[in-house]
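For reference, chains read A, B, C and D in written order, and residue numbers begin at 1 within each chain.
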Amino acid sequence: MNLAIVIILGLLMLIAAVTALYLKTLSSAVIASGAVSLLASILFLLLAAPDVAMTEAAIGSALTTVVFLYALSRMRGKKKEEPRD
Amino acid sequence: MRLFKARVVLLVLALFIWFLLTYPFDAQELIAGGIAALVIILIPLPGIAVLGEIRWTPKALIYGIAYLFYFLWQLIKANIDVAFRVLHPRLPIEPGIVRVKTHLKTRLGRFLLANSITLTPGTITLETDGDDFYVHWIKVEGIQDKERTKKIVAGFERFLEVICG
Amino acid sequence: MADLLFNIAAVIMMISLVLAMVRLLLGPTAADRAVALDAMTIIALSLIGWIAFMSGRVIYLDVALVYGLISFVGVVAIARYVERGV
Amino acid sequence: MEILGGIFAIAGSIFLFLAALGLIRMPDLYDRMQAGTKATTLGTMLFLIGLAIVEPLWTGKAALLILFVIFSNPLSSHTLARAAYHTGVTLGERASCDELAGACGDEEDSA
């Protein structure tokens, strides 16, 4: 039972990671990587490591997403300004 | 006065959350939580005045409890509705965005109303603009503006007017 | 008896996690993917509750609490980015 | 008592399943959001109530989780819907009226 769930979660995580690599739009890729960290967090919990799972949830799901999106918005701002020059 | 009221409400809220967080609690945990809550309400927090919009009268309390039960009933109805629409082979939906008017004036009342609309059968609050709420409705019924307003917001407004009018 | 019922519930939740994942893969726009991620988060909250029940440790529910708070911030950040940039 | 909790848990997981099915089946973004918000909220509530019935000492944390979900789930879906609308995600083919577009100055096409 537990083993089957671990295997399914691992497969889903792989699929999400590969999706994050191949998606064209960058914001979608960030969302897919958020899904990777969600599944990783559940996996850590199934492996009986609640502290690691909590850290993964906090850093992987919120901090990484916000930092990536902040960087993306900065890039987008630059691109908009360039044609004017 | 309003700020004082807001602080008292925040204190009750903080103590309630602490009580839930340490549910099988003992005396020293409760004392520590009480001290922490007292320190927290002394800090000048931005936007705290919203909480002061709750009324304190006994009537408001009774209406608050009634609102809770009405909300739960609407939530269950909404879910049966969603289940019916999802499982129906031909997806009986006809979505549209409609405008409804509210006459709640306070920010807290509008926040609660928007949240309640989102969790009731077939509607999601999309955008607010002054007194108007723009609501995505999964099956638009009722042509007249008044009819729609009655169907979507009137049930909650009846309670919310008393609680934080 | 309760164990069996909870295990059945966990299997159904795993199926729904897979379905939400399919929407995350297909979704034509970024907003669709964000909706799927939101739904996956809520399903994961329940799954964490099941793990806590099976291992019998209440500390696991704290992970669900942290996750519920944090992922809300993440989804709001995504929405703000989609609208006009953080 | 344990069986009652299990039944609550299964009912909750069925609602979660319906939400995921709605995510797949619904034709456009806003309808997906309808299924994804409502059904997941009640599903999580029912599952956690079942958990609290089976393990009475966990009631406090389960109640706190339910509160979080009730307050944060509609908010995040509201933010997402507004963002999607302003970036130009349109309603599906079945849509009948769009008064927000009318108010924005395009044209009044409500029935």
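The rule is short, and it goes like this: a contact is a pair of C-beta atoms (placed from the backbone, for glycine too) under 8 Å apart; a residue touches a chain by one contact, two chains touch by 3 or more.
Treat the numbers as computed from the prediction; the structure is a model and nothing was measured.
Apart from chain D, which is left out here, the chains connect through touching into these groups: A, C | B.
In summary, the chains found to touch both chain A and chain D are C.
Comparing chain pairs B-D and A-C, the larger number of C-beta contacts belongs to B-D. With centres set at the average Cα position, the gap from chain B to chain C is 23 Å. Inter-chain spacing, taken between the CA centroids of chain B and chain D, is 15 Å. In this assembly, the C-alpha centroid of chain A lies 13 Å from the C-alpha centroid of chain C. Remark: chain A and chain B have CA centroids separated by 31 Å (rounded to whole angstrom).
The multi-chain contact residues of chain A, meaning those touching 2 or more other chains, do not exist; every residue touches at most one other chain. Across the assembly, chain C contributes 10, 17-18, 34, 62, 78, 82 as residues in contact with two or more other chains. Taken as a contact graph, with one node per protein chain and an edge wherever two chains touch, the assembly forms an open path, each chain linked only to its neighbours along a line. Chain pairs that touch one another: A-C, B-D, C-D.
Of all residues in chain C, only 7, 10, 14, 17-18, 21, 24-25, 27, 30, 33-34, 37, 40-41, 44, 47-48, 51, 54-55, 57, 59-60, 62-63, 66-67, 70-71, 73-74, 77-78, 81-82, 85-86 touch chain A in the complex they form. Taken in their complex, chain A has these residues touching chain C: 1-2, 5, 8, 12, 15-16, 19, 25, 27-28, 30-32, 34-35, 38-39, 41-42, 45-46, 48, 50, 53-54, 57-58, 61-62, 65-66, 69-70, 72-73, 76-77. Contact residues of chain B toward chain D in the complex are 17, 19-24, 75-76, 78-79, 82-83, 85-87, 91, 93-99, 114-115, 118-119, 122, 124-127, 129, 132, 134, 136, 138, 140, 143.
Contact residues on chain C toward chain D in their complex (touch as defined above): 1-2, 4-6, 8-10, 12-13, 15-20, 22-23, 29, 31-32, 34-36, 38-39, 42-43, 45-46, 49-50, 52-53, 58, 61-62, 64-65, 68-69, 72, 75-76, 78-80, 82-83. Chain D makes touch with chain C in their complex at residues 2-3, 5-7, 9-10, 12-14, 16-17, 19-21, 23-24, 29, 32-33, 36, 40-41, 43-44, 47-48, 50-51, 54-55, 57-58, 61-62, 64-65, 68-69, 72-73, 75-77, 79-80, 82-84, 86-87, 89.
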